Structure formats: structure tokens, C-alpha cells
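In the two complexes that follow, chain A is the common piece, with chain B as its partner first and chain C second.
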Partner chain A sequence: MARKKIAVFFGERSFEHDISILTGLQAIKVIDQTKFETFPIYVDLERNWWTGEGLLNQSNYPLGKKLPKDIRRVRFVVGEGKGYIETVSKGIFRNNNREYFDAAFLAFHGDFGETGAFQGLMESSGIPYTGCRMLASTVFMNKVTTKQICRSLGIPVLPEIILERPEDKVFFDVKEITKGVDLPFPLCVKPLHLGSSIAVSKVTTKEELDSAVIKVFALDNQAIIEPFVENLEEYNISVTRVFGEIRCSVIERPTRKNSILAFSDKYQSGGKGKGIKGGKVCSFSELNGLLGLSREYNPGELTSEQREKIISWSKALFLAMDGRGEPRIDFLCNSKTGELWLGEVNPIPGSFGYYLWENSDPKINFTKLLTGLIEEAFKEAGKKSLAYGTLKDNRIFEDK
Partner chain B sequence: MARKKIAVFFGERSFEHDISILTGLQAIKVIDQTKFETFPIYVDLERNWWTGEGLLNQSNYPLGKKLPKDIRRVRFVVGEGKGYIETVSKGIFRNNNREYFDAAFLAFHGDFGETGAFQGLMESSGIPYTGCRMLASTVFMNKVTTKQICRSLGIPVLPEIILERPEDKVFFDVKEITKGVDLPFPLCVKPLHLGSSIAVSKVTTKEELDSAVIKVFALDNQAIIEPFVENLEEYNISVTRVFGEIRCSVIERPTRKNSILAFSDKYQSGGKGKGIKGGKVCSFSELNGLLGLSREYNPGELTSEQREKIISWSKALFLAMDGRGEPRIDFLCNSKTGELWLGEVNPIPGSFGYYLWENSDPKINFTKLLTGLIEEAFKEAGKKSLAYGTLKDNRIFEDK
Partner chain C sequence: MYTLKLKGSSDKLSFRLVWLHGWGQSHKALVPLAEYFDDVAENYLVDFPGFGFSSEPKEVLDTEDYADILADFLSTLPFKDTILVSHSFGGRVAIELAFKYPHLVKGMVLISSPGLPLKRSIFFKIKAFFIKKMSQVIRFFLCLKRHSLLGKLKLGSIDYREATPMMRKILVKAVNKDLSVRAMQISCPVLLLYGSKDTATPPYIGQRFKELIKGSKYIEFPLHDHYTILTSGKSLVENQIEEFLAEIR
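Right after this comes the complex of A and B.
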């Protein structure tokens, strides 16, 4: 049987553009080549699409004006049945080089590929795609909607205050906006939509609050303010249905050097924020090393009751949002009182959270995890496809 | 100043395909031509895109094999910066006839244009579009998620049971699936995602329940079962921010000849379900006449307390979902006890619910309503556009 052709997408107009490149290249290395034929599609910050072997070489990023010969522009065509790609060529002679692919493997973080938009593009053009559908993607990428769903399910979450950026995003009186914030310090200030700890601050005074809100409003229309949990420990878990019945991964406790890991700490090297030198650093474990991040699996301090809560709440939220893929769900814990809150959900976690599944019992290796994601994409597309006969039954206009 | 160029989209691979054609043609007639230059884009059931003056003539639907000369194929190109359309031409000589437009006016009902998918396509290609964003679209088109959000906001909704279609959608034992339904009859059975009363049944026995569920599973993966409200009256209202501050329309009570209006009653003429004869019937008021639908505005039986509930709940839900456009929110009422429940939300209501705004105080006419929708589309796109500078601040790879 011919291998299915899988386009691996990464990049996009996102604050997490570069980390998505790493995730995409990682996926291409790991996907089972005996089952699937992969090729990369890189979406740059200006929404141009690229393909070619040269994209697999990290040192080619960011794409400069002088392109390697093995990187070329492509475009995606909607409106002629199923969507397809074709090479962008100039001049009046243009080849009809349309190329179909069987499924889209999404390795995006943040806009527009983790938030539901790219999912919508795939839905609109009839192409199977991996991971959460639009509903779960949009809800999980919105921190307050996620909390509202949790409340309806009886899952504990922290209280929050939402602040809206004024119409005039440059000249505004931040004091006027924050004056209604009546939660006691310390507080945590975050953008409502962005991931990867971008513009997340712990604040202890009104002045810090104001400047944290200004920082968020440079990036997002809405800020979310929550109590900062004392004696904070974090616990992460992943949930999936790609192996049939719903199941959870092992629980991990990530250890961070700061109480909040800023994006620059998380992904960029220390040297004046100038980025990873020469594009040499790539692997997840190397990144971890850079970040001083370490992980403990199945952490011993959790009681069996706490474990059960984390597992049952994660499953309940995943099911309520009709989840797909294997989102990572992050919990906050006051390690002294033992209280737990569901924090947020990452529809496409960094490195697909493969380390959670590799440390689960039974262990699922990274390649098998990605096979599961791709097989689920085909299954979902099959469910969604509607019968033309039935569609026509509901028509008003008579056939001629 | 040059008029903005607005593509009016309708059709799509939807159970409400034909009614969307009517809505689209209606919009083109009503949009203020002194401010906006409009052209139609029709998406057919097979996902082919069409444009041309001939689309404005109802008698051309469904498009036959012999096309009028003034209807031609177009396609939409993603991956070269902002999305654009171009004429589909055959042969090796292909003109580079790309055409940009300023905004998309969405006149879809159901898949894929009211559900968030088409919205995602527009987001992914940087094109302003009217109405709800992806979050509100996907949530409102999912009846149970809408209810979960209502519960978190303290807005009363009916209890429900969700049934999942089995993997094998043809051979399954419906009795096995419905055996856990423990709500007392009469019940209301609906598809979880579809609008326009498609496959909605009132059932009073286990046998009727089973056959109603089978009917739903021909169209949707999930069925939602709720108590059938006794002494049912329905009330509808629309909410918007397109005129600045959030505001609600007048409340209407639609009067129907049956307790549940099936899709065939709602949109198709009585004559053997064969559809509207010769494509002659078009206007909303003519459709209403056909359907035996009448409306009472500001119905006198509602107490001021009930009115206030309808208004405050509608505003709260709209704000929580960061609503745009002017969705119509439908309430159910037991007219004897006075109890109210929020029923469902239509992100793009039939005829844009213009009659609600024309009967509001102050009155807003249809043309002004559509101008508001288009202006909001531009405003939203402005908010969303991210600063390239800021995007580049978060990069890992060093510029060469």
C-alpha cells in the first residue's frame, strides 16, 4: 500500500514562530517513514508558504534573501474542491503543477495554527488534520473560556479579572483600567490568549500591576489577572484518545529556576536575548539544558487523592470540549495546603509532550504517538464528511 | 474616497446551503452601494467557488452544466501574504489576474461558514470578515458548550443528555445507546451542531426517541436530548456592539403552526417537499408567508422582570464569548410558570434578524445594520494585526 502523504506545517504569524520551527523539524525526524511520506511546509511571519528539503536544515532560518536552491515558494488553493498546493512560478507560462496531500500534520504554537484558525482553513478545504478540532483549540487558547467551562464542570480554577485594551492602544490611562482590580497582591498578570509564558508577570504592587498590564496590551487585546498561588508547584499531564479509549499520561512536575519562567528564559539563551547561537541548538533536551528546566515524573509528594483529581478533571475537560490530539493540561498547587487548580491547556504542547508519554506506563514512544495523531486525523475527517445525498435532501431550489 | 471592495460569501457545504443563497442575495441588495462595492462569491456543495453577475439571479440555482456566461469559477489563494482570488482558467497560458478584496461579508448558515471554519480561513489569510470571531462561532454552534458557558454565568438552561454516534454509523443498536436516557417524556431530540430546526423532534415514547436519534445520527455525530418545555413559548432577541456600546434589539415572539417547526416546514413549500417553485420565491416576507410564520414584537405577556432577564442574560453571554456581529439568542419559556431558559444562539441568523432591529427603538434599518457589520470587520482586523517588530522580538534564530 502506498504511504500516505503528510504535509508537516510549522511557523506562522505567531509569537512562538521560531519554537514552532523546532517542533516541526522534530516531528519530521520522528514520524514513521515506513507508514507516511512527509514533506515540510513552512509559513513565514508574512504568511508566505515554503517547501523543500532545505527547510529541514536549521541553519537556513530565518530565511534570508539568498535562498538555498532546495527551498521554494508554494501556495495553497481553496475553491476547487479539496484544497491543494502548487509551486509559485513567475511569468506567463505557469505549470499546472497541483499537488494533493492526504493530511496536514500541525506543529504550530500560538497564532494561527494552534488557535483554531489554521484548523478552520483545513476544514474549509476538506483536508484531514492532526490534533484538536476548532472548538477545543479556540476554547483552550482562551484562558478565561477554559475556566468558565471548568466552572460548569465543577473543576476548581482561580478567580480572575479580565481587562480590555482600550480602542486607542497607544495613549491610554492604565491607572483608569486597573483601578477596579480588587484582588489582594501578589497577583499574576497574563495575556488572555498567548502561550509559552509570553508577557506573564508576578506583581506585588499597584505600580508593577500597571506596567505588567501595559506589557500585555502590547501583545493582546485582553489581560487576565489572577491571584499568585503561594508555595506554588506546577503539575502537567496529557490526555488523549488516539489509542482508542481516553487515557492520561504520567504526571510531571517541571522545575524552574524562577517562580515564573519568562519567554526569554524559556527559549532564548542568556546572552543579551540574542537567540540561539548560529541556529545550532535544536533538540528538546538541549533546549531544556539551556533553560535549566528539569522534570520529575510521578512526583512522590502527590497524594493518591490529588493524583486522582488531576486525572479525573483532565479527562472531564477533554471530553467536554470533544478533545482530539493530546493536549497538555497544567495544574497549579499550593504545596502547603494541597489545594489544586486547573491552570491552562496547551492544545499543541512543546515537543508534543512526548516525554510525558515516554515516561508513562505502558510507555508510548514518540514515533508511535505521532502515528496515533495522524491516524486520528483520518478518522475525524471520515466522521465529518457529510453525505451529498442528505445535503441535497435539504435543498430548496429544484434541480433543473 | 474609493469604496471598499466587499466579497459577499454564501452557500458552502452545509445543510442550510440554499437558505444561505437567499441570505447572500438579500445582503447584496441591501448593502449600501455608496459606501461599499460588492461582488458575490458562491461556494457550492462540492467546495467550488464561483463569481459573476449571474449569481444574483435566483433562477440560475442550482448551477447546471450549462452555465450562463456571466458566472465563472474563481479560486482563493493562501500562502502569498494576504489571501486573494483569481479566475480559474485552463491551458498553459494563465493570466496573473490576482484580485484582492478589502473584507469578506459572510452570509453563511451552518457548515462551514457559521461554525468558525470559514472564519479561520479568513484569519489565516489576513482578511477582515463580518460577524462573530472563531471562539463565539464555534461555541454558539455547539449547543452543549453554549449551555456550559451559561451555567458558569448563572444563566438558566435545560438539563441535557448527550449521545455519541457509534464508530459504525450504519449498523448500531440504538436501544443500547438510548438506554441511559433517564429524563421523563416528553423530550426534545436535536443534533448537537446543526441549526434551522434540522432533524429536531418532539418525542413522547421510547420508540419515538430511538427513531429520532437515528435521524440525528444520519446528520451529526452527537445528539442532544432535553426535556420538552410544557406550555412552550419562544422569545428571540439580538445583541450587538456594532453601534458602539453593547445593545439589544426588541424581543420577538415567533408564532409557528406546529410545536416544532421542521426544516421542511420552515423553508420548503408544502408541495411534496419539492422546494420553492421555479426559484421565484425569495424575499424574507414571502418566505414567512409560505411558512405561516408570524412575529409579535415586544410581546405584552412578558413581565418587566422577564424582559430584564432576557436582556441581561443575552448581554452577559455575548460579552463572555467576546461576541461580534449580531447573533440572535433564542429563549424558551413555560408560559404558565413564567420560567425562562436560554435555548440556543445563532451567530448568523436568517436574514441577519434585520426585522428585530427594524422594530427596535430607536429603529435601525437593514442597510445601516449591514454597514455596522462591515465597519466592525475592519475594526476587528485592526485589533488583531500584530506588530512585526514585536513578533521579531520573540525570535530564537538570529538574523543573518
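Right after this comes the complex of A and C.
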């Protein structure tokens, strides 16, 4: 049987662009090559699309002006039936090779590949894609909408205040914006739409609050302010139904150096402490995104009641949003009082959170997880094509 | 020889996996893979003499001697269906063991296993000839031993340069041994796993093994090399071994 052709997408115009490159390269090397034929499509920060084997080499990032021969620019063509890519070439002897693929494997983090936008592009191009559908992606990437859904399901979440960046002013008075914040200190300030703990701060004074809000407004047009949970512990879990019935992974407690889990804890603390500095590129074993973070699986301090809550709330939210893929759901806990709140949802977690599934019972390894995601993508597309099978019955204009 | 039985393995499990590491490595390189099979098999890992926690042999051993040592160890265990899972150099020992002690081996997984002559380009052969001749001349004048000269000039493979004098001799002996005749005599089921980007044991070695070993199965991973096949390719390997175990049991 011919192998299905899978385009692995990563990059995008996102603050989590580089993390997405790591996730994409990790995935492409793990997807079962006996079942699927894979090739990379990299979306750079300027929204140019690239393909070619050279993209698999980490040392080629960021792409410079002098490109390796095995990397070429492509464009995505819509409006001619099913979407496809073609090589961008100029001149008399141009050769715009057209290339179709059977499914898109999305390894994006943040804008615009995790937010529902890219999912929409795939939907309207008729291309099966992995992970959460468009609506769930959009909702999960907006922390406030996620909270509103949680409240409607009876899942506890922290109260929040949303601050908007003035759209019409280059210079603005931050004090004016934060004057209505009436929650008691300490507080936690986050961007509304970004993941990976980017620009998340704990603030204890009005001055710190102002500077944290300015930091957020440099990256996002909305800031979310919540009470800071004392004696904070974080617990993460993943949910999926790619293997049939809805299933939850093992629960993990990530360890952190500071009072909150920061971007540096997640992505700059890994392996041998080299990171990507001054253009120095590390191997996967040295820097592999979230894998650098130390963690405890099935942490002993959680009571069976707390475990049950985390599992049942995660399943309820996943089902309410008609979840697909395997989003990671993060919970906050006051370790002294035992109170739990749902924090946020990552539709495409770093490294696909495969370590959670590898340590679950029954264990699911990385390759099996990615095979499940691809098979689910085809299944979802199949459902859509069934739904559109009767299109002709509803025509007003008759075929000539 | 240092051996390790994985903690989670139960004696009640009906078959045994014995993990054989590559050159310059130890049992540790295969622990992550072995752990995946902890629920289904009894897992033993070894450090071959001269590697990891095992002391260096006092004489130059052949891969057949390594197989004898391994066979002695396996004979001390209660009889159970035993499947050898080897990487690189461990594959040479596995082939020797399956050839000489077929009753001890129910099946074999050879990951990036050498054992057949490498195709060398004319350029490589000329280069090797000149290096050999030049080093003989320099050694004569400087009264140096072969290994110290090659070490100083940074010549020879990394495996060779990083080995002790005794282990270098063992390596040379192993590398020069053609196992094709032995491979032809192997009767147990064999799974061959190779990476397309492997330059140490290129995929054509695996394809040739497939022709030599009757009924063997060959799988090639397009994006992996000699080492990433065990790291980022780990779950690909796990799935193939899992399928293989299901087929032969």
C-alpha cells in the first residue's frame, strides 16, 4: 500500500517560533516512516514558506541569505480545488513544480498555527490536519474564553481582570490602565494569547504591576491579571481520544526555579545548559524543548480526590469543546489548602507532551502518539466529506 | 562481565530480552529502549569485557570469544526463550552467538549491525595505503608504536583513537572479520534495523544481511544515522521490535 504523504508544518510568525522548529524537527524524525512519507514545510517569521531536506538540519536556522541547495521556497495555492504547494521560481526556465500532500501535521506553537487560523486555512483548502479543530484551538488559545467555558461547566478557575492596550496611542499612561485593578496583591500578570509562559510575572506592588503590564503589551494587546496562588504547585495532564475512547495521560508536576514556571525554566534550562546562544546550535539530546525541564510523574502529594478532579475536569472540558488531538491542560494548586484551579490549555503542547503518554498506563510511545494524531486527521476529514456528500441536494441552481 | 537485570522485570515473564551494546558504549545506551519492554519481558543488559563496568580483557579477544562469554552467562540463567537485541558491535557478537549456540537464541534484532565488508572508494583505498606506508616510515625513525603514532596524528576512526591499546587490537580484529558465512547459517528469525543516514554501517550492509539470513526482515529509517536510531529514533525502533516479538511468539 502506498504511503500517505504528510507535510510537517512548523515555525510561523509567533513568539514561540523557535520552539516550534524544535517540535517540528522532533516530530518528523519520529513519525512512522513505514506508514507515512514525510516532508517539512517551514513558515518563517516573514510568512515565507520553505521546504526541502535541508530544513531537517538544525544548524540551517535561522535561514540566511545564502540558502543551502536543498532548501527551496514554496507557495501554498488555494482556489484550484484541493490546496497544494508549488516551488517559487522566476526566469525563463522557471519550473513551478506542483506538489500535493495527503495531510498536514501541525507542529506550531502560538500564532497562527495553534490559534485556529491555520486550522481554518486547512479546512477551507480541503486538507486533513492534526490536532484540535479550528474552534477548540481558538477557544483554548484565549485564556478568558477558556475560563468562561470552564465556569459554565462548573470547573473552578481564578477570577481575572483584562486590560486592553490602547490601540490608537503609541504612548500611553499605564497607571491610567491599571488603576481599576482591585484584586489584592500578590498578582499574576500574563499575556492573554501567548503560551510557553512568555512574559508571565508575579507582582507584589503597584509599580511591579505597571512594569509587568508594559512587558505584556510589548507582545500582546491584552493582559490578564489573576490573584497569585500562594504555595503554588502546577499539575499538567493531557487528554485525547486518538486511540478510541477518551483517555487521560499521567499527571506531572513540573519543577521550577522560581515562584512561577517561566519561559526560561521551560526552554532554557535543558540538557547540558548550552541552549541556543550566539548562533551555537545544540543537538536534540542537549536541547529538546520541554524535555529539559525536570518533572515528577504521578506526584505522591496529590490525593485520590484531587486526581479524580483533575481527570474529570479535563475530560469535561475536552468533550465540551469537541476536542481532538491531545491538548495539555495545566492546573494550579495551593499545596497547603489543596484547592485546584484550571489554569490554561495548550492545544499543541511542546514536544506534543509525549513524555506524559510514555509514562502513562498503558504507555504510548512517541511514534504511536503521532500515528494516532495522523489517523485521527484522516478520520475527521472523512466525516466532513460525508457531511458534504449531499451538497447537490441543496442546490437552487441546477447543473447544465 | 557486568550484567544488569532491569528492576521492573518479573521472573514470571515467559521470555527474555538480552541487550548488547555497541563499541565505545555500555549497557546504559540501551536502558531507555529496554525499559519500554519491562512489562512484557525479562530484560538483561550487559557490559562486554573492556566496556562500562566490565574490566578490560588481558588478551586480545575475538568476537567469537565475546559470544562464548555471553553464552556462559546465559547458561547460568533458568532456560527461557531468549531474544538478542543488539546495536552496532553488539550485532557482531549476536551473530556469532546465534551461529555457535543456536539453542540459546530464539530470535535476534540487529540494529545498525556491522559484520560485512564495507564498500570503499578507490580514493579511500589509496589514502589508506599511503597512511599505512607513511606511518611505517615515521614509526621506524621515531621508534614509536603504531597506536601512539596514530593517536598523535589523529588518524584512524574515532572508535580506534579513543580505545586503549588492548581494545584497539580487539577492534581491529573485529572490524576485519567477515561474518557473511556465519550469517548464512543463522536459522532463527531476525529483524534488521538500519538508518539511511548511517555512514558507519550503511544500509547496504543491512540489505546484504537480508539476502544472507533466510527469512529475515529489513526495515530502514530514512532520517536516522548510526546513533540517532537509538535516541530520536527510539520509538520507531520500539514499535518494530514490538511487532517482531508478536510475530515470532
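We take it that the second predicted complex is superposed on the first by the 358 of 400 C-alpha atoms of A that agree within 3 Å, B and C clash if a C-alpha of one lies under 4 Å from a C-alpha of the other, contacts with A are read in each partner's own complex, and residues count from 1 in each chain.
The working rule: a contact is a pair of C-beta atoms (placed from the backbone, for glycine too) under 8 Å apart; a residue touches a chain by one contact, two chains touch by 3 or more.
Since this is a predicted model, take the numbers as computed values, not measurements.
Per the definitions stated earlier, placing chain B and chain C onto a shared chain A by superposition produces no clash, and the two fit side by side.
More residues of chain A lie in touch with B than with the remaining chain of the pair chain B and chain C.
Look at A:T34: by the touch rule set out above, it reaches chain C but stays clear of chain B.
Once chain A of one complex is fitted onto chain A of the other, the partner contacts of A:L219 are limited to chain B, with no touch recorded for chain C. In the overlay built on the shared chain, the residue A:Q26 is in contact with chain C alone; chain B does not reach it.
Between chain B and chain C, an angle of 140 degrees opens at the CA centre of chain A in the superposed model, to the nearest 10. When the shared chain is aligned, chain C comes close enough to touch A:L56, but chain B does not. Touch criterion met: A:K368 reaches chain C, while chain B stays clear of it. After overlaying the two complexes on the shared chain, residue contacts for A:N334 are found with neither chain B nor chain C.
Note on the superposed arrangement: chain B and chain C approach each other to a least C-alpha distance of 20 Å.
On chain A, the positions that touch chain C within their shared complex are 26, 28-30, 32-34, 56, 284-285, 363, 365-368. Partner chain A is touched in their complex by these residues of chain C: 36, 219, 221-224, 228, 231-236, 238-240. Taken in their complex, chain B has these residues touching chain A: 13-19, 21-22, 43, 45-49, 58, 61-62, 64, 73-82, 85, 88, 92-96, 111-112, 115-121, 123-126, 134-135, 138-139, 142, 145, 148-149, 151-153, 165, 198, 218-219, 221-222, 263, 267-268, 274-279, 320-322, 383, 386-388, 390-392, 394-400.
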